[in-house]
Amino acid sequence: MQDCISPEKAAAMIPDGASIMFGGFLGVGSPDRVIDALVARGARGLTIIGNDTAMPTRGVGKLIEAGCVAHVKASHIGTNPTTQKKMITGELEVELVPQGTLAERIRAGGCGLGGILTPTGVGTVVAEGKQVIEIDGASFLLERPLRADFALLRAHEADHFGNLTYRLTAANFNPVMAFAANCVIAEPDEIVPVGVIPPDAVRTPGVLVHHLVRRVQ
Amino acid sequence: MQDCISPEKAAAMIPDGASIMFGGFLGVGSPDRVIDALVARGARGLTIIGNDTAMPTRGVGKLIEAGCVAHVKASHIGTNPTTQKKMITGELEVELVPQGTLAERIRAGGCGLGGILTPTGVGTVVAEGKQVIEIDGASFLLERPLRADFALLRAHEADHFGNLTYRLTAANFNPVMAFAANCVIAEPDEIVPVGVIPPDAVRTPGVLVHHLVRRVQ
Amino acid sequence: MRNAKEIIARRVALELRDHSLVNLGIGLPTLVASYVPVGISVAFQSENGIIGFGAPPPEGMESPHLTDAGGGFISALPGAASFDSVTSFALIRGGHLDMTVLGGLQVDASGRLANWVIPGKIVPGMGGAMDLVAGAKRVVVAMQHTDRGKPKIIEKLNLPPTSARRVSLVVTEMAVIEPTDEGLRLLERAPGVSVDEIVASTGAKLLIDGEPPVMPIVSAENAA
Amino acid sequence: MRNAKEIIARRVALELRDHSLVNLGIGLPTLVASYVPVGISVAFQSENGIIGFGAPPPEGMESPHLTDAGGGFISALPGAASFDSVTSFALIRGGHLDMTVLGGLQVDASGRLANWVIPGKIVPGMGGAMDLVAGAKRVVVAMQHTDRGKPKIIEKLNLPPTSARRVSLVVTEMAVIEPTDEGLRLLERAPGVSVDEIVASTGAKLLIDGEPPVMPIVSAENAA
């Protein structure tokens, strides 16, 4: 871990056009303060990668509402009518990925695998343009790794080294995204001294985190 | 989780010739009481899958010493001269797998992937007979999933539902093996009532565990 | 007479097995949790990352970090385990999920399910549905038999399939149907519904061996 | 004069960067931890599942659940993180490990390393070595220049390679050598060792630009 920055500083570090992974599941466990700062700075042309686009007033939904986003890779956009509308008008490009495949593609990107073979999506539109590999008589799609310029995580606790914990269903995509971006920024609910989080409770080692977002003012 | 059994009952459930994954790294985090019971019942022809074969008097090394084992899949056998000796005499068949590949193959077997693409082993003896797949100009080995009849785990705590925790470096291969066997038997240091392990501390959900080995007498 | 959704949920509840891990889809399938038979211990998974969740907590006691896959507040039962999305789908895809109950738009004669998109309409996305159908040991479709009078069980899907895999069972308010190698087998009919009525409401050939038995359902008294 | 292993470890220690994650192989590479330069904060990983470990604890205070990849008892430093083998190799293979220091049997003119097996002798197994060479951002080989007088740096490996990947740097008690597209470049010579002596002890062509500088090493006073 390098330093502790404000949400505004984090938003300023992220250029227009960047690709960003966002933790969160319908807004639960999403880095809300950095999202607000991205909206405030008027970010444009972002590619956002995450489970869903939440709701127009929640989580990454705010980015879509504010016109910050050009591309979406997600498993579900049904809870955000604005995503739907902008997709139809062509303002937004949306790639839908099955949820488990999205998680594994991000994992592959973060742990140095060239791809994974999954049964999910075989015989569906998801298989279009993809290589199908037969293993012992079963068919699998070859799915490619996913990485991004930035990963914006919401954590529960962080210590001064950047070690992170998560809380209940707010973990969701956050832990895997910590592996898969060139710059990882974590927004914890609380920052505690080194030693407060025992080694076995650490769910994201601090070596993966580049910046912490400073405590709530 | 179904029930709580003695090490002897566990050993009796495992037939000669079975394939078994063993947690443990040089004997640390290995299910010692079930291993002793397997030695005591004179098990024969086992296939054992794990990081290493420990030492002749420790961990799965005891099984090799006692002649229980026919096949070994491991990343390292250098600490056990008996494994070396029996390999040379042909009493033991040994397949060496790079440590990270072993972990990912077990993971693939446990989470329904048809295989993984890893850069590890490309251009080495490990690549012999395996498909090499080019992705964006880089070469990857297609490595196949690994599963076993049984997984024998060492855990720190278990609750009455079979939820498990692990301790420091004693976790090693245990958590991933919980996904990859038809029958999972966990040997905890301590069994505690439901609710004592908070949801965020659970590292192996109890639904993956079939039997717990009862408390130390 | 009970309404269609309740009949379906009560019948699906009889498919629950002791010591099993089950994932219920959003909507109708969620109702199944209300009718777990007495003596059956089921662990429910929510794919956003928990096993062992319960009813919404009392007003004011909700945790912002604890919701189900539909975004609704839930509680955690003693012995619950929480985990991230990678682990959640390792459970689903790896064959550790004994059963999933999903809603359906169409099921065809080959047993394939369409339940994620209607071309030309709003595209919600498949979420976890494709992984659930590909990975669960048993896939039970819980859906109404017809949509505004039009059969949802048809010869060949005209909506995009969710998976190439055949589902295990289809439960509607009229019938229980099992897709097999030979075709769709009519296993049970709902109380007061005749075989002729079922056939008339179904757009695919049904295999019928004599008069099928009346659908049992979990009664109010038997639900835990 | 310091012994060969100590010279190597002290020189390799100068490759450590602030805020980096480093994995040290068993044997000679482990010595590097003793010479971390002042002001440099390094996190050491042990591939059996911990970041942030320290020296063995006092006699009688060892934990049976806390060892390094060689099986020796260690301590955990404040801020340590423990994890399973899958996560450990996700860190290694995913490019999160800034540097690994490994022992070597041979390095050849193309920069390939052999360090895991001698055919006809005991076969220890590759352990984590193949993943480390394939995945670490920088691979530094720390080895003695010769083995009983025979060069270990040779034109072409005659032992099985650990990886097809070129290593980043080779540090011996005589020289620092960088494998490049053009071949093996002699970067530094050890104090009191001449270029001629290095060439005579090396079985591969070395690229030499004039008189290479003398190898700096971490002095006892500079080690943290």
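As written, the chain order gives the labels A, B, C and D, with residue 1 at the start of each chain.
One rule holds for everything that comes next: a residue touches a chain if its C-beta (ideal position, glycine included) is under 8 Å from a C-beta of that chain, and two chains touch if they have at least 3 such contacts.
Here the structure is a predicted model, which means the values were calculated and not measured.
Colleague: Report which of A-C and B-C is connected by more C-beta pairs in contact.
Modeller: Between B-C and A-C, contacts are more numerous in A-C.
Colleague: Between chain B and chain D, what is the gap in Å from one C-alpha centre to the other?
Modeller: Distance between chain centres: 29 Å.
Colleague: Approximately how many whole Å separate the CA-defined centres of chain B and chain C?
Modeller: 35
Colleague: How many Å are there between the centre of chain C and the centre of chain D, using C-alpha atoms for each centre?
Modeller: Centre separation, chain C to chain D: 56 Å.
Colleague: Two or more other chains in contact with one residue: find those residues in chain D.
Modeller: Counting only residues that touch two or more other chains, chain D contributes 50, 76, 82-83, 89, 92-93, 134-135.
Colleague: When you check chain A against every other chain, which residues touch at least two of them?
Modeller: 104, 107, 112-113, 118-119, 166-168, 171, 199-200
Colleague: Is the chain-to-chain touch network here best called a line, a ring, a star, complete, or other?
Modeller: Here the contact pattern is something else, fitting no line, ring, star or complete shape.
Colleague: With touch defined as at the top, which chains are paired up in contact here?
Modeller: So the chains that touch one another pair up as A-B, A-C, A-D, B-C, B-D.
Colleague: If you look only at chain D, which of its residues touch chain B in the complex?
Modeller: On the chain D side, the touching residues are 46-50, 63-71, 76, 82-86, 88-89, 92-93, 122-131, 134-135, 160-165.
Colleague: Hey, which residues of chain C end up touching chain B in the complex?
Modeller: Per the stated touch rule, the residues are 19, 21, 43, 50-52, 76, 78-83, 89-96, 134-135.
Colleague: For chain B, which residues are in contact with chain D within the complex?
Modeller: So the residues of chain B in touch with chain D come to 25-29, 51-52, 74-79, 84, 87, 94, 96, 98-104, 107, 118-126, 139, 156, 166-176, 203.
Colleague: So in the complex, the part of chain B that touches chain A is made up of which residues?
Modeller: 104, 108, 112-119, 133, 135, 138, 140, 142, 144, 165-168, 171, 199-201
Colleague: Touching chain C in the complex: which residues of chain B?
Modeller: Contacts found on chain B: 1-2, 107, 110-113, 159-161, 163, 179, 194-195, 199-200, 202, 205-208.
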